[in-house]
């Protein structure tokens, strides 16, 4: 209300308005007398020492939650259930907004204070978020909850340096092959798929200008690319060997794929036309079923040149923003636990078919029977868990992919040319780590 | 040369004015009575004592507001302005966060405070002069204007102040201040690694400009020049192709004997009426490698594999210029139709009598007339196209990228779309600010050069 | 003699035929995208497919997309209303500002007049995106982001509207100053002259200004998405609809995007067609006066 009044007075008393805000802040400054100590240590102690009973939840407050569009309703139901299960928190209200996992991190970083209190994001954003101070370290009981109930890969994905920063909610952020079985009869090799698609005049989609999908080729050939991070989300070292014979072979494979007539760059089922095969993730399962109808089928990624394609196994996480109000912080943390526990993960699987990261949920029969998730599980044997990568890496990878698509690099390039490109790529990747 | 002399004179004049101001402040203090002298400390004191309440209270209020602002708000930001804050973020024992200094707000409000201090000094000066003026009028035995007259003057001889108060304040607060802020940001290290409120940023001098002009492989330097070159090429084609084709279409529609003139015009201008985010996003999908155009060309067997409209750098640039024709021609057609009707008909009559054919008429009458009349418009169009965000970004977001270009820049990126990506996607504000300054420099240089060349730029008074 | 005229008229006929041919081809090229847009909007996302396809004519015509959009729980009507509110207030208030500024700069001579025009010219040379982040935090300070995004957007466009005074001032410049002088001799105040003489004469330019500033908010995606900052109740149509094309979260929303685009385009197109005459006058006048 105060803000609204301020707004109406704005035009006339701009300066006075500023003063009023200023007063408020001064007051806050003087009341906040708590000593600040080394960031993580303090919270670690705090989580263990401060008993929850001291907190006063009657003040209430509004908690903003950002999740992907298709789970907005689901999250609303879970919030209601959460409040029903925790009557102490009844004074709190929730605003659930559809902000996709791609946008959430970017928005949070732009304005941490204006952003959501609890938000879902894809794990590759974690280091950015930690660096911008937009996620709260997960400590004490919460930490043991995360480590004990989720699979090892997802816990590693939620960790930056030595600290856990997020609550895993899915282990399905990987990719595999969807195909139309009336067109593609042999989904085991790229060559066979491309040939079938070429013959049928259909399209074969793979997003080769994405740093996420590109690794399928490089990791498949045995290359590595990882970054080391410190506790603050800074990148300290880059382990990469793309500029090698293996790398050249992988790059040549990408070029060969791009040279096929049927090849289209892309990984979104609903943006794909005339599609017979697409490398995509579980989130597109329903769209794929719709498009392929009775011919819907999925499989692990094919081989290319006799080598199994690899790639990232990724995770979706839930983050809690650092809070200035201890009671609200507790509610947010409990909510994050609620939204990432076994029951909710199973319910979420049933509602929108997101593959759980919770070990018990993964063992459930329904999850095991899911076609897309089994294809993913099969593929996971060949992938590496996705760690943290600087934002510049994704940009660079897109540039590399675009150079292939527009023919700057092609299958007719010599090995020396490809090596030069990869050397440049590798040097640039290394330069991102200070 | 003459221009140089002028600007030197202007600078000289400016300093003289300032000097006179200071001299005046001293002499008023000497000659002023006690009411005027108290006004040096208390704004509007002289006016209030002389029953000029409206003016006096306004002055006094501005002084009170200023001090309340400064003490409660401005000062705490101003004192940290030179470091942009030193206290880091931390956590309280109960697990809540304690934000330290917010460099962003320190910079923003520090800047605002500095400007307000300058405004305050100006008001102080106005206040002294007003008081002295009243004193002199009274000494001469004349009557001071009543308060009522003061108000009614705001609708008459001072009407300009009434009309301009809000716009000037608004453009100061929402345009000038933010621009000053971003210019300052160009001299800091404000980026993704130094994001308020969690982290501090600070002054780094010319570091970012050095980065821009460093020509190593991963530096901004080479990329900047590629983007700049395309920006200029794009603006040239987008302006002149549209211009000439627009005139051509207008001539076609206005040709004698052509029927349904209104219908042709109406069909074309639907592109102006339909919001660009709809039509351009649709156009993007239309030309996609798996879009409808490629799909039909493949179905009909006209092509073997898709045409990479957006993937190939050269083709993407051409496609964008062509789509821009689709957007721009109707606009130019409308404008040209209007102007063509203004060309005196007897010019054509006498030319036809002299045996000129329609081509000669066009090149000797129509075109020179159009160019003369629309010279300034072409300049503003050119500058508008330098900053034409919508067409580029809604179509293909500046893609394709390349290993040869740094910082997410693509081959169809303009400086502004590149700047946008840096701001929104990368939160690399420091480099975005530097690019923004470069855009300004480019725009200003082109404007200055072209403006000097235009034949139709005359003194504005001539028209009245 | 007769032969000559007939050959001339034949020439003219051929010329006209060529012209008609060009115009017809152009009309097709100009209208086809819109025809495509409209056709796609009738492809059902329920029974057919809401994503991209490689054909234009839907297999079956359906109103599913429009029904989806018009259901209040899907918020499109809300976004539409938001945009309309922004457009309405922006256009009326900023037109008032522009008229006032143009009058002052065109008719009155005062200290600082040149300075104001020069400063605005210089400020206009900086790209607008540069200052978005700063404006966002300024607005946030007054509670005019997220929930308050709509008044915030109106405030910004109204407060900065003055910098677009050129066209209107150019128009006022062409009105003879002798008219003002005569009225002033008769004792009319500046305000009176402005309101009772200049404004009625400026009808075309006022409508031009209203129309221009009314249309702009419908396309404002960049700044509006910044100010709304993830608060979907404050979105305008451009912010909301672009997500359906660009974000992977919205699988199969393309046909709904098309339908939304059609719904947005209809009122603006109608308005534009009705006021076309004035718009042309504004464009021409603006071009001539720069």
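Order of writing sets the labels: A, B and C. Residues in every chain begin at 1.
The rule we apply is simple: a residue touches a chain if its C-beta (ideal position, glycine included) is under 8 Å from a C-beta of that chain, and two chains touch if they have at least 3 such contacts.
A quick note: this is a predicted structure, and the numbers were derived from the prediction, not measured.
When C-beta pairs in contact are tallied for every pair of chains, the largest tally goes to B-C. Note: the chain lying farthest from chain B is A, by mean C-alpha position. Between chain A and chain B the centroid-to-centroid distance comes to 38 Å (mean Cα coordinates, whole Å). Chain centres here are Cα means. That of chain B falls 18 Å from that of chain C. Contacts with at least two other chains are made by residues 166, 169, 173, 290-291, 295, 424 of chain B.
The residues of chain C that reach two or more other chains are 52, 54, 133, 137, 155, 226, 254, listed in rising order. Across the assembly, chain A contributes residues 11, 18, 21, 110, 271-274 that each touch 2 or more other chains. By the touch criterion given at the top, residues 2-4, 6-7, 10-11, 17-18, 21, 64, 66, 68-70, 95, 97-104, 107, 110-111, 114-116, 268-274, 283-284, 286-287, 290-291 of chain A touch chain C in their complex. Of all residues in chain B, those touching chain C in their complex are 104-105, 108, 152, 155-157, 159-164, 166-171, 173-179, 181-182, 249, 252-253, 255, 257-258, 264, 266-279, 281-283, 285-286, 288, 290-292, 295-296, 299, 326, 330-331, 334-335, 337-339, 373-377, 379-380, 383, 387, 389-390, 394, 415-416, 419-420, 423-424, 429, 432-433, 436, 439-440, 443-444, 447, 460, 463-464.
Residue ranges of chain B in contact with chain A, taken from their complex: 65-66, 68-69, 72-74, 76, 88-100, 109, 112, 116, 166, 169, 173, 192-193, 195, 197-199, 217-218, 289-291, 295, 298, 304-306, 308, 311-313, 399-405, 407-408, 410, 424-427. Considering their complex, residues 49-54, 133, 136-137, 140-146, 148, 151-152, 155, 226, 229-232, 243, 247-254 of chain C touch chain A. For chain C in complex with chain B, the touching residues are 12, 15-16, 19-20, 22-23, 26-27, 29-31, 33-34, 36-37, 52, 54-56, 97, 100-101, 103-104, 108, 110, 113, 116, 119-120, 122-123, 125-135, 137-138, 155-156, 158-163, 166, 173-174, 176-177, 189-192, 194, 215, 218-219, 221-222, 226, 238, 241-242, 245, 254, 257-258, 261, 264-265, 268-269, 271-273, 276, 279-281, 283-284, 286-290.
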